[in-house]
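Worksheet for the structure shown next.
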Amino acid sequence: MIQRETLINWALFALLPATALIALWMDEPFIITLATKVAILALAGVGLNIALGLGGLVSLGHAAFFGIGGYAMGILASHAQSYAPLMQTPVLIEGTTSMPVIWLVAILASALAALAIGALSLRTTGVYFIMITLAFGQMLYYFAISWPAYGGEDGLSIYVRNGFPGLNTLDPIQFFAVAFVVLAAVLFFAGRLARAPFGLALAAARQNPERVETVGLAPYRLRLVAFVLSGAVTGLAGALFADLNRFVSPTMFSWQMSGEIMIFVILGGVGRLFGPVAGAALFILLEHVLGGLSDYWHVYLGGLLLLVVLFARGGMIGLAAGREVAHD
Amino acid sequence: MSLILLIEQVLNGLQFGVMLFLMAAGLTLIFGVMGLINLAHGSLYMVGAFAAAAVAGLTGSFVLALLASLIAAAAAGALVELLVIRRLYDRDHLDQVLATFALILMFSEGTRWVFGSFPLFLDIPAALAQPVSLPGGILYPAYRLLIIAIGLAIAVGLFQLIARTRIGIQIRAGEADREMIAALGVDISKLYTLVFALGAALAGLAGALVGAIQSVQVGMGEPVLILAFVVIVIGGIGSIKGALVGALLVGLTDTLGGVLLPPLFATFMEASSASSVGSSLASMSIYILMAAVLLYKPTGLFGSTT
Amino acid sequence: MTEPLLQIKHLRKAFGALVATDDVSLTLYPGEIHALIGPNGAGKSTLIKQIAGNLAPDAGEVWFEGRDVTPLSTVERARAGLGRTFQISSLAMDYTVLQNAVLGALGRRGTVWRFFRPVMRDADLRARAEAALHRVGLMDHAHKRTADLSHGQRRLLEVAVALTLNPHVFLMDEPMAGLGASGSKRLTGFLDDLRHEAPILLVEHDMDAVFALADRISVLVYGRIIATGTAEEIRADPLVREAYLGAEDAA
């Protein structure tokens, strides 16, 4: 028997490319771009969900990785744009406009940052962890503002979208396809991760760290690896987001960004694989519906979020699919 | 660098630290007594600043403006506690984070709605606008000295409140054991509202005092809130003493780092890159301080280890 | 005489003025059940925590299989072969019974860095987990959510998870609590056999079980061991009668 949640997940997932295709048919490139944005922001949420949903790590600093991914794209592409190498000694490193290379750099750089931030932050738990991740995110924000080499406060503009072999990425539907396939691949990986030995141990450490220690597994290491994976995925989303806008700025590092990524996860339903997809879609939808009604749509967003937290803890997927059931 | 400049910067650091203390004290009290992490504390800071700016604009009185900041922030705090916050005490930290994040969105956009997006200005009263000369021939703005004095006076007052008064005993009892305090016959929900309003009033006052130096605008509270978190992480959650020490450390590090690091780097680097490396590092200095404290003592300097 | 598998040497732990563990020395030999009894507040749980590595002693050493494990963490001691069950059930409550047992089997295997293959389809892990559940009689409940188990069933699951670890020594903190008369009797029979797989340091309040099972009994009162001996010796010991059984009668 197919579970109701699975059904909802697939429906949601199909809705995204369907929207993009209908928009293509109706010749509405702006809607394709919105669908692309949903896919990319959902990806950032899927990243956070590895730490938050599976590991129970309430990170309020994931904008750090989103921003690092964005700047990985911005820095590499701006060097390629100006034909000035990134580094000449000891080895020559040049900029690039190749998406796969940029993605790899974004993943590695954000994973490395997550390793450093996680190693420190995970020495603590609970409220300390929340405050510390928030603080490290803010640290990178101020660093990006005060570092003049790559635009400082103004950010960096990239004039041409980076390339993917065999595709014209400037065509909205083709870039959507790229983002969507990346999202699908990461969702597949995240789904497997949750059911793999690592996922079992990590989620057990969320429920009861003492139990995990008693069977001889160290929660700290499990959480650190989860945090690194989580940061890497969010970093990848950052690179794609920068490519979507052809622009990076310190706001990608801001605490509001961290909060928004968390909202995607929560609106959809914490720990639900497709939660971030539902959450990001709803967020973008609200931004455009409410944003059209009032300049101050964040008031309504805040009210909605408050209602979800106080009265609908499973998020949208929770409302639609009912309480999660334990199964092997 | 001259000694006079250095002393001036130390005073600036103190002034900054004292303001952070007003924020951090409320946060740490609220966490200590109710176990709640309140992201919307920065919004209360903003409410205080806007109330002060509005009243000063209407009446021209700075004293009334400060009074208004206290009352408005305390009232907003009490209202929010009654409507939302008290539903969160027995929730996990994630729910608390999200709900108070939602409150930030509502406060910020609501304020923008009422007051518009342009910053307001709160003028320093004429009597305090002149610099005063300190021993050693240092000229220092009187208003900033007043801030330091108010902050230290409040710190002393808070310590007395906690150590000596009935409320203080209840607060300490509440930190130690929530069930015991209920058993003692204390009306716990009233105490919680009171503590929350007290924390809010301190934040509002800080907002008004700083608002006269900087500008009063939407979003002014959150950077200060995050710095207050750094203060608490350094000082240890729940400890007022830790909040004071942490706040002064952060205030001094931030101010002196910005002044001292660029020239320090200039001693061994070429001038333009020294200033960029120095200022970038200075912007990170307090976080590096926080990381160092974490390595040394994960529960903060004055936090309990168990 | 053979070497003890587990040896506690002059352990001491104080919380402020309260000395919770006062110069405690204990041994556990292969094949035996060594029971630790004492009135509430005698410091049994504090002692177990120090042996398992959750709490650092102020002084003294814990030796396990001929080496000093005092500086090792809980995780390292578990890996070395110390299998512990908790007084208050400490399980992953959202998981099914089988998932909890598979978690134990995974800990026993030691390599958790597998990110792709579904763990519940790992035949080895599953077999080990199911065998353990079978032994404690929980196989019928394998697919139940742990939070939905009765109190007694959770205790059995604790024991089952410890079994999956194949430990060299069992450290059991009140496994009988909440089991009821028949369950208690059944577990007593089970532990009686289990001692031949690995010796058991057993903290227990159920005196029938203790006197039926224990090769040796140590009595802990106010953090001190006042007597160690066979069941007969302990029954006859005047100090024990006064300090422990007397207190029990009064209560």
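Structural remarks
Labels for the chains are A, B and C, by order of writing; each one numbers its residues from 1.
The working rule: a contact is a pair of C-beta atoms (placed from the backbone, for glycine too) under 8 Å apart; a residue touches a chain by one contact, two chains touch by 3 or more.
Which chain is which protein? Per UniProt: B = Branched-chain amino acid ABC transporter permease; C = ABC transporter ATP-binding protein.
Only a predicted model underlies this, so the values are computations on that prediction, with no experimental measurement involved.
The chain with its C-alpha centre at the largest distance from the centre of chain C is B. Compare each chain's C-alpha centroid with the centroid of every protein C-alpha atom shown, and the nearest one belongs to A. Here the spacing of chain B and chain C, counted between their Cα centres, is 49 Å.
Computed centre separation for the pair chain A/chain B is 31 angstrom, with centres defined by C-alpha atoms.
Distance from the chain A centre to the chain C centre is 44 Å, each centre being the mean of its Cα atoms. Those residues of chain C that touch chain A in the complex are listed here as 52, 54, 73-75, 78-79, 84, 86, 90-96, 98-100, 102-104, 106-108, 110-120, 122, 125, 143, 145-146, 161, 164-165.
The residues of chain B lying in touch with chain A in their complex are 31, 37, 84, 87, 93-95, 97-99, 101-106, 108-110, 112-113, 222-223, 226, 229-230, 232-233, 237, 276, 279-280, 282-284, 287, 290-291, 294-295, 298-300.
The touching residues of chain A, counted against chain B in their complex, run 52, 58, 60, 120-121, 123-124, 126-128, 130-132, 134-136, 138-139, 142-143, 145-149, 255, 259, 262-263, 266, 270, 296-299, 301-303, 305-306, 308-310, 313.
Contact residues on chain A toward chain C in their complex (touch as defined above): 192-193, 195-201, 203-204, 207-208, 210-218, 222, 225, 325-328.
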